[in-house]
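Following are the structures in question.
You will see two complexes here that share chain A, one where it goes with chain B and one where it goes with chain C.
The block that comes next holds the complex of A and B.
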């Protein structure tokens, strides 16, 4: 009986695992096909579609734009998140309650609604699409995460360590630099990492902010797929998977992926 | 930097208020200019005609048109089915994870979370290939000598894609809930003669309810408002609210109407979430939201 349930459980877990990796595995495999259309299993093996990607300058410029905007979103989110988290956790100031209310409702507003709201607001302000407006649009998605992660990090910090350091004569900045900052370092890296991923992956908001000349990578792929069914997209997808794997390995080395998601889970 | 240095003191006095405000300023500016202002613009525009005069037409049009009522209904249906799908797949998976060694658990958790790191567009594209006419599913069906049905651009395709995207959001709270269950309860009940099923129904299932309810809430609201996966796997044939917000705003260029549809989406999803959390609170369940 118990052996049977264990066996069934194992089989079920394998099926779920297959389900989880299916779209990615199939994308990677079919990027090697020699046919001019996408098929799985792939027929023959070629790297032609990868060469194709690098011959399309619009994909390369979209990639550069996406990385630039995502790096900007990560940097601004880390700074605004750290400052905002410290302010909410340690100070009382006018607007604190409003800030907290907005912080918790930001997650409840559908991304598509934020997208169309930003479109109409930017139009009203006369702001034309630029990498800068893209960055602004992404900050709405990323800063709430960063603030919440910093708040979670601060909640776990023992204030007596700071008091001890101050009592032993450390100047305020030294206390911040040697005691407070290390305690929230994980939250900061996590916030920046999530900001990067969220911005890099975002299609919903970007669709409303981009123009034909200024498209992030997800928008470029989305538009390309509407008209073409050749395997170029599978090659791009594979490159993006590689990019994600490298990111995970780096994060695992320095922070630990589980901890990152653990911190995220507490926020839900 | 001097302002930052004062944190160790943390105080209620005037300089503390100023420091706090100064520190919060970037976040306040970001939210005021990029969250509150756009949403206010959106609400204001939804009560306007294309030329700017006040009107209730946009809402009357939405609520009066059977087509759009159908869109709203279908949005809620797909979200509910995705939630059920995530529960059916996620609950046994979380139970299985609970009994594994930390090593196996870590690997399976990584497997569960790894899709979150891969672009949503690419994942949806992957399902396009898997379910497409040249894909593995069609190949298997053909191998049995049958003609494969149209697997894409319908509710089922959206459902499969959405369960794939949302599964982690269901399993993580479930795992948290299952981990908190006292590990001696089930052996104690077994010792007193309860069957495995009885233990599951009377101990494990009720005690994991908070995780289940929290997961259901997250999955439902995120699905009802998601755009990317349904747009790619369902297209115009699958009638969902976010897709119509998009087409009204960028194809039809009727901004006031797009704003109204978006605002209805916000009201309906937050309304349902509030009702749900009130229901939970009344039921004595753990408060999981707000």
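The block that comes next holds the complex of A and C.
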């Protein structure tokens, strides 16, 4: 009976894995087709569509914009997450409960609602569409998450350790640097990682904020697909998957993905 | 650790660490948590702040460490006013109930932290850390992370971290409370022995009266933000100065009577028509004043030869292993005696006399 259970469990796990990976596999495979339209299974094998991608400068500039905004979102989210998390964890100030409530309910707001709201708001404030407004829009998505992660990290920090450090002669900044920061290091890396992915991946919010001259990669792909459904799109998709894989491998190499999610706690 | 302690180089020539608190107060959340605390330690003394939770002992310790700022009064170390000095410019080693080790550093890195902050060169640092780890019995654990140590080992590492910087004062905030009973007793004895050896003035905060009695040179019993009594353990135990001290520490017979007058070895009072004596806590009362005597069960002797003392009838005797508990009903109420196991056990219903040495009991006005 237990062997049957194990077998069924294994089969289920494989099916779930297949279900998750199938769309990616289809995208990758169909990017190799020789036909001028997207089809699966691919007919023949060619790298022509990859060459097409690199001959379209608008895709390359969109990629650069997306990466730039995503890096900005990652950096600002980490800093704002740390500051916000510390403030909420340490101090009792007017509006603290409200701030915490807003930060946790930010997840509940549908991104399309957020996009419409930001469109109105930016227009009324007279903010022209720019990488900066895009960054602001993405920060609304990513900062609450970073704050949450930092708060979780701080919850695991014994305040007495900070007192001990101060007693041992560490000035306030040294206490922060040697004791507080290491406790939230994982949270900060995780928050930045999440912010990068969220920003790089976002279509809904960006659709409302961008202009014809300023398009993030997902928006560019979306718009392109309205008129040309050729395998260039799947080639770009494959490149994005490749980009993500490389990113994960690099992070794994230097940081360890498990650590992003606080898995280093129990190894100590 | 006990073996390492005897091999360690003696540093008991340290003659610093005289702490003085003068009228120190602290208000937290609108409540005066510490009212007006005065105390002064001798250099090298082991002084304990003992009291129930909420009595202000930890707040007092945090003011000494600088983590809280006093709202009034003066804190001095060796004549230097440190009341407004931030914690990192005081020289205090502190050990916490939660150990408070830095989880991302190894034991050696933890211990070296204070030396790093003091810019001690790496080579000296390594040598001092190794010496200190040996002193607390953690040699061989230097490269482990705190999470891989037992509670007792973590607390030893914390102690090493606090002591390696040779602080003016060692502050211990309930350091044994998280340990199991056996380890608690062993570690507290080791800490007391180490303290005597290196001679660092030490302030211990605890709610455990047995711990306080076992390790301290002097004990300050605190309640409601004030020190009720500051004295050596023997005096605190045998001659409590206030009702609170008498009842907080151990078991006590509180007997009500009327002050009569001084006698050769104490102060006499009349209790239910009999004359008994004790030592006044503080100023002797005036004759005729209502007083209360505090007599520990251990000092009560039971006799049947008609000696002077409180007469009564034995109501109950019970064998407790280390002691025999004997309750005597007297006109002044029940008196409990804890007799040594080889004492003659009186029979229930027997007429006996309860007596004690006047120097072993105290009396205070009620």
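Here is the rule we use: the second predicted complex is superposed on the first by the 248 of 268 C-alpha atoms of A that agree within 3 Å, B and C clash if a C-alpha of one lies under 4 Å from a C-alpha of the other, contacts with A are read in each partner's own complex, and residues count from 1 in each chain.
Following the convention adopted for this analysis, a residue touches a chain if its C-beta (ideal position, glycine included) is under 8 Å from a C-beta of that chain, and two chains touch if they have at least 3 such contacts.
As the structure is a prediction and not an experimental result, all values here were calculated from the model.
**Student:** Identify whether chain B and chain C fit side by side or clash on chain A in the overlaid structures.
**Tutor:** Here chain B and chain C can both sit on chain A without a clash.
**Student:** For A:168, select first, second, both or neither according to whether it touches chain B, chain C, the two together, or no partner.
**Tutor:** After superposing on A, A:168 lies in contact with chain C but is clear of chain B.
**Student:** For A:102, decide between first (touching chain B), second (touching chain C), both and neither.
**Tutor:** So A:102 only meets chain B here.
**Student:** Should A:143 be classified as contacting the first partner (chain B), the second (chain C), both, or neither?
**Tutor:** first
**Student:** Measure off the angle at the C-alpha centre of chain A toward the C-alpha centres of chain B and chain C in the combined model, and quote it in steps of 10°.
**Tutor:** Once the two structures are overlaid, it is 90 degrees.
**Student:** Once chain A of both complexes is superposed, is A:254 in touch with chain B (first), chain C (second), both, or neither?
**Tutor:** A:254: touches no partner chain.
**Student:** For A:112, is the partner it touches chain B (first), chain C (second), both, or none of the two (neither)?
**Tutor:** A:112: touches chain B, not chain C.
**Student:** In the superposed model, does chain B or chain C contact more residues of chain A?
**Tutor:** B
**Student:** Tell me which partner A:176 touches in the superposition: chain B (first), chain C (second), both or neither.
**Tutor:** Only chain B; A:176 stays clear of chain C.
**Student:** Is A:158 touching the first partner chain B, the second partner chain C, both, or neither of them?
**Tutor:** second
**Student:** How many Å separate the nearest C-alpha atoms of chain B and chain C in the overlaid structures?
**Tutor:** 6
**Student:** Report, in rising order, the residues of chain A that make contact with chain B in one complex and with chain C in the other.
**Tutor:** After superposing on chain A, chain A residues 163, 165-166, 171-172, 175, 179, 268 contact both chain B and chain C.
**Student:** If you look only at chain A, which of its residues touch chain C in the complex?
**Tutor:** For this pair, the touching residues of chain A are 158, 160-161, 163-172, 174-175, 178-179, 182-183, 268.
**Student:** With touch defined as at the start, can you tell me which chain C residues reach chain A in the complex?
**Tutor:** Within the complex, chain C contacts chain A at residues 65-67, 86-94, 96-98, 100-104, 113-114, 117-118, 145-148, 158, 161-162, 165, 171.
**Student:** Residue numbers of chain A touching chain B in their complex, please.
**Tutor:** 1, 9-10, 12-13, 16-17, 19-24, 26-27, 30, 37-41, 76, 79-81, 83-84, 86-88, 90-96, 99, 102-104, 106, 108-114, 116-121, 124, 136-137, 139-140, 143, 147, 162-163, 165-166, 171-173, 175-176, 179-180, 197, 200-201, 203-204, 207-208, 217-218, 221-222, 225, 233-234, 236-237, 240-241, 244, 247-248, 257-258, 261, 265, 268
**Student:** Which residues of chain B touch chain A in their complex?
**Tutor:** Residues in contact with chain A: 1-2, 4-12, 16-28, 30-31, 34-39, 41-42, 45, 89, 92-93, 95-97, 99, 106, 108-115, 117-130, 132, 134-136, 139, 164, 167, 169, 172-173, 176, 196, 214, 218, 221, 224-228, 231-232, 242, 245-246, 249-250, 255, 258-259, 262-263, 265-266, 269-270, 273, 290.
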